[in-house]
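Two complexes come next, and they have one chain in common, chain A, joined by chain B in the first and chain C in the second.
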Partner chain A sequence: MDELLQFAITGVTVGMVYSLIALGFVLIWKSSGVANLALGQLVLLSSWFTYGMLVQAGLPLWLGFPLVILFSLALGWMIERFILRPLIAQPILSLITVTLGVAYFIEGAVSFIWPKSVAALPRIFPQEVVRIGTAVVSQEYLWAAAISLVLFILLSLYFKYNKMGVVMRATADDQLAIQACGIPVTKIFSRSWMLACMLAAIGGILMSSIGGITFGLAETGLKAFSVVILGGLDSFLGAILAGPIIGLAESLGGGYLTPLTWPGIREVIPFIIIIIVMFVKPYGLFGEPRIERI
Partner chain B sequence: MLKLNNVEVAYLNAIRVLHGVSLNVEEGSVVAILGANGAGKSTTLKAISGLLHVEEGEVTDGNIEWNGKRIDGKSAEEIGKLGIIQALEGRRVFEHLTTEENLLVGAYQRSDRRAVKEDLDMVYGYFPLLKDRRHNTAGYLSGGEQQMLVIGRAMMATPKLMMLDEPSLGLAPRLVEEIYHIIERFNIEHKTSVLLVEQNVRIALSIAQYGYVMENGRVVLDGTADFLKNNEDVKEFYIGLSAMGKKKSYREVKHYKRRKRWL
Partner chain C sequence: MNVDLPAGTRNYSYAKDMAIFRTRAHWALLLSLLVFVFTAPLYWGNYWLGVANLIGITIVAATGLNILTGYCGQLSIGHAGFIAVGAYTSAVLTNRFEWPFLVGLIAAGLVAGLIGLVFGIPSMRVKGFYLAISTIAAQFIIIWVINHWTGVTGGFTGIRVPPASIGGITFVSQASQFYLIMAITALTVFFAKNLARTRVGRAFVAIRDNDLAAEVMGINLFRYKFMAFFVGCFLAGIAGSLLAHWTGFMNAENFTFMDSILYIGMIIIGGSGTAVGPIFGVISIRMLQQGVMFISPMLEGSFLDLPAGFTTGIGPMVFGLVIVLFLILEPRGLAHRWALFRTSYRLWPFSY
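The block that comes next holds the complex of A and B.
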């Protein structure tokens, strides 16, 4: 019973970080229809960049973090401006494939610049553990959950009330009509890539403050992918709710099944969930079925 | 105000769809482009609004002037800023947004919030139905409401020239009359020029002062609305009346006479 609570708390909190990263995917998917397959690599790159800023350059936190955020925004801007924009009006498959190219490029660049395979960030959050009932949780998890929650709220307010946010949702529905209104779609694509990269960077910092920086961080992208598929590709709410579910399944499954089966089962669980979801609800739990008037 | 001189348009550098179209829209007037499917009416509008690039189309010859300055080659965004706003064919609302959000997207370029709020009320004044549906998801509105929404969205941009692509498409005659009545009112009350593309010649000429008939990418006939309404060919081929003003019976028309060649 003690374990259960422990697994549940770590699972849900890590899951919330997955949600955060997944939101970046949904954002780009909704506004431009491009599936960003470089998600995990963006997480990886920004984690290593954080390492570079905080450890290698020895910058203090208050300077390091804003720089990481700026870097991620610039990265998102550049990817959109120089890689995706020239491909506008090309078949969507080319656009998706080019993100795969970006993914491999980033992975290569990262292992070139930071040949070490593991590193640790300096401790960002207070060290004392927190006891919740019988569970002992280190503070990183709770901070990660809290920061994710705040970002969820800010983002949903942005999409509901901010002019740019509303236009981003409109672009998801009809790009040509957006242009007919005289609104530059490229600006919207660029904004959504910047936001997505920023979310990936924050997710990366949170993940690596929990588990250290490894090349395994690139797989967070795949986890976020399963979150997106479970929640529905085009649903922000879906991504937010599906994250904890995937995190929970991963942590409970990993905790209870590993002794029974084989190590590494936890990595498989999210994908088993994807397959089941695709059979039962192809749009995902909260995906918007296309609105068709009859 | 808007002037097209011998505009030629080709898609993918290969398929020529407009072969030298010239037309003129005076300030505050309503001008209609009429013609059958595939005549190049929508392409003409897209050439003006800068949306051709999206479909790999290009103005290959001739020029488009707005108040004396050339605007062909400008992006849709720049043209939108000049005050030329197009409402696309086929009721393209933002389905997952509410009615009100749809209207606000139309006002994206404007920064004066108070004026936007006033214009929102103005659009609701023209289309009271939309006011009742303001918080409904646009994708679930009826066809007529969606068409009203698309026109309302164009109004929200405070256009100097509003281009409407087949606002009557797929709507009941009574709704068509209503929508055209509102377009006419908007034109009179706001002095906004309107460039209409229509297949429904009778209704278009009821509010337009001038019309152009297009066929196969060319303007084949143009004149004032009264001239066109009384033109035998227009009557016969587009309004469906014979020379005597009676309903036409197709049984009496010899097959080879059915279609007139204009050129």
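The block that comes next holds the complex of A and C.
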């Protein structure tokens, strides 16, 4: 019983970070119809960049973090401007594979610049463990959850009240109508990539403050795909709710199934969930089924 | 106007019109290519024969992916996983059960094809990105099973694979394997070229271009998508089996997610949906790899202040860049350039 609470808390908190990363995916998918498969590599790159800023350059936190955010925004802008924009109106297959090319490039760049395979960020959050009931949780998890929660709220406010946010939602709804209103759609694409890269960077910092920086972070991004598949590709709410579910399944499954099956089951649970969702409810919990009429 | 033929050549029967090799020059070129390939062991060193073997194996795998993704439009980002299934099937059958190589080869194709069907089932209801994700999931699940089913696959420590042997002949040296691999590669390319020209191939293309229209025209989506998955993964399995017997030792490190992306890159660079595309793509990527392997120690020797990750990092960076640039600048791949060249060559010196 002690274990259960422990697994549940770590699972849900990690899952909220997955949600954060997945939101970036949903954002791009909704606004521009591009499936960003480089998500994991973006997480990886920004974590290493954080390491470069905080440890290698020795910058203080108050300077390092804004630089990381700026870097991720610039990265998102560049990817959209120089790679995705020439491909507007190309078949979806090209749009998916080009992000795979980006993923490959980033993976190479990371092992080019940071050949170490493992590193740790400096301690960002306080050290003392927190006791919740019988569970002992290190504070990183709780901070990660809290920061994700704050970002969810900020994002939903942004989409509700900020003019740009409203325009982004409108683009997701009907691209043609937005163009007819005289709003440059490419600007929206660019914004959504910047925002997505920023979310990936924050997710990366949170994940690497929990588990250190490894190449496994790229797989964290892939796990975010299971979040979007379970939640539904075009649903923000779905991504937010599915994240903790995936995290919980991963943590509980890792805890209870490992003795029954082979070790490392924890790593494939999100992928098994993807397959199950594909068979049972391919458009996810909150996704809009695509109905094709002739 | 048919510009596929040299100026002045006309076809007077349907059979002639459909022939792949239509003129004497065609036949002469084909024969000289075959002669060149099959006498290559006489004047190539062992190293380049090894490279050629790898290229041949990769062409088989890429042709499978090309049928699935290039012709039928079902994006698979788990091809390395399916190749792994074939490799391990063959390795386990020939090593642990000591079955003959040919049985292992066929079984590798069949098992990979069946596993491909399982992960292809979602393609009945979803397409595009959803399917891509389910094949990514396939990749990770397959590799996980291989790594942990130690009793059969040997797990992380890997498994030894005996050299291929047919009848009394054992293929040990690079040169003898070269003949085996090139024969299968030639058969595969021939099969793929012809598949594309049959009813099945045309159905695949119809599904890729507009699945709804295809279904309305009476093409059974269920059947043809399954067929594409089976054939694509069957060839992946064959390639995996060849790879296993060629290297003699298997572990799951040979089949990463990055490799899956590289296979897609190959058919993009070569030109997806064409018979020659995989050949061009595989040769360019593998030669690029050779170039990177050749050049990076030299650069490291001459520039001492290069970052330590130069050798491991430069390869993926170049490949990623090449994939992106091809998609932006020449989405139809080298095969399209080749077609342009051929046409202008045939029409020369006339211009239309």
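Structural remarks
The definition used in the following text is that the second predicted complex is superposed on the first by the 288 of 294 C-alpha atoms of A that agree within 3 Å, B and C clash if a C-alpha of one lies under 4 Å from a C-alpha of the other, contacts with A are read in each partner's own complex, and residues count from 1 in each chain.
Just so it is clear, contacts are C-beta pairs under 8 Å (C-beta built on N, C-alpha and C of every residue); 3 or more make two chains touch, one makes a residue touch a chain.
Because the structure is predicted, anything quoted here is derived from the model rather than measured.
Partner contacting the larger number of chain A residues, of chain B and chain C: C. Touch criterion met: A:W114 reaches chain C, while chain B stays clear of it.
In the superposed pair of complexes, A:T97 makes contact with chain C only, with no contact to chain B. By the document's definition of touching, neither partner reaches A:V43: not chain B, not chain C.
Legend: residue contacts after superposition of the two complexes on their common chain; A:C197 is shown touching neither chain B nor chain C.
Residue contacts after overlaying the shared chain place A:I229 against chain C, while chain B stays out of touching range.
After overlaying the two complexes on the shared chain, residue contacts for A:K163 are found with chain B alone; chain C is out of touch.
Applying the stated contact rule after C-alpha superposition, one finds that A:L27 touches neither chain B nor chain C. Shared-chain residue A:W262: touches chain C; no touch with chain B.
In the superposition on chain A, none of the residues of chain A is touched both by chain B in one structure and by chain C in the other. By the touch rule above, chain B contacts chain A in their complex via residues 49, 51, 54, 56, 75-77, 79-81, 85-88, 92-97, 101-102, 104-106, 108-109, 137, 139-140, 142-143, 153-154, 157. Chain A makes touch with chain C in their complex at residues 29, 35, 37, 83, 86-87, 90, 92-94, 96-98, 100-115, 219, 222, 225-226, 229, 233, 262-265, 267-268, 271-272, 274-275, 278-279, 282-283, 292, 294.
Looking at the complex, you find that chain A touches chain B at residues 89, 163, 166-167, 169-170, 172-174, 176-184, 288, 291, 293. Per the touch definition, chain C reaches chain A in the complex via residues 69, 73, 75, 77, 119, 121-122, 125-126, 128-130, 132-134, 136-138, 140-141, 144, 147-149, 212, 216, 257-258, 261-262, 264-265, 268, 272, 307-310, 312-324, 327-328, 331.
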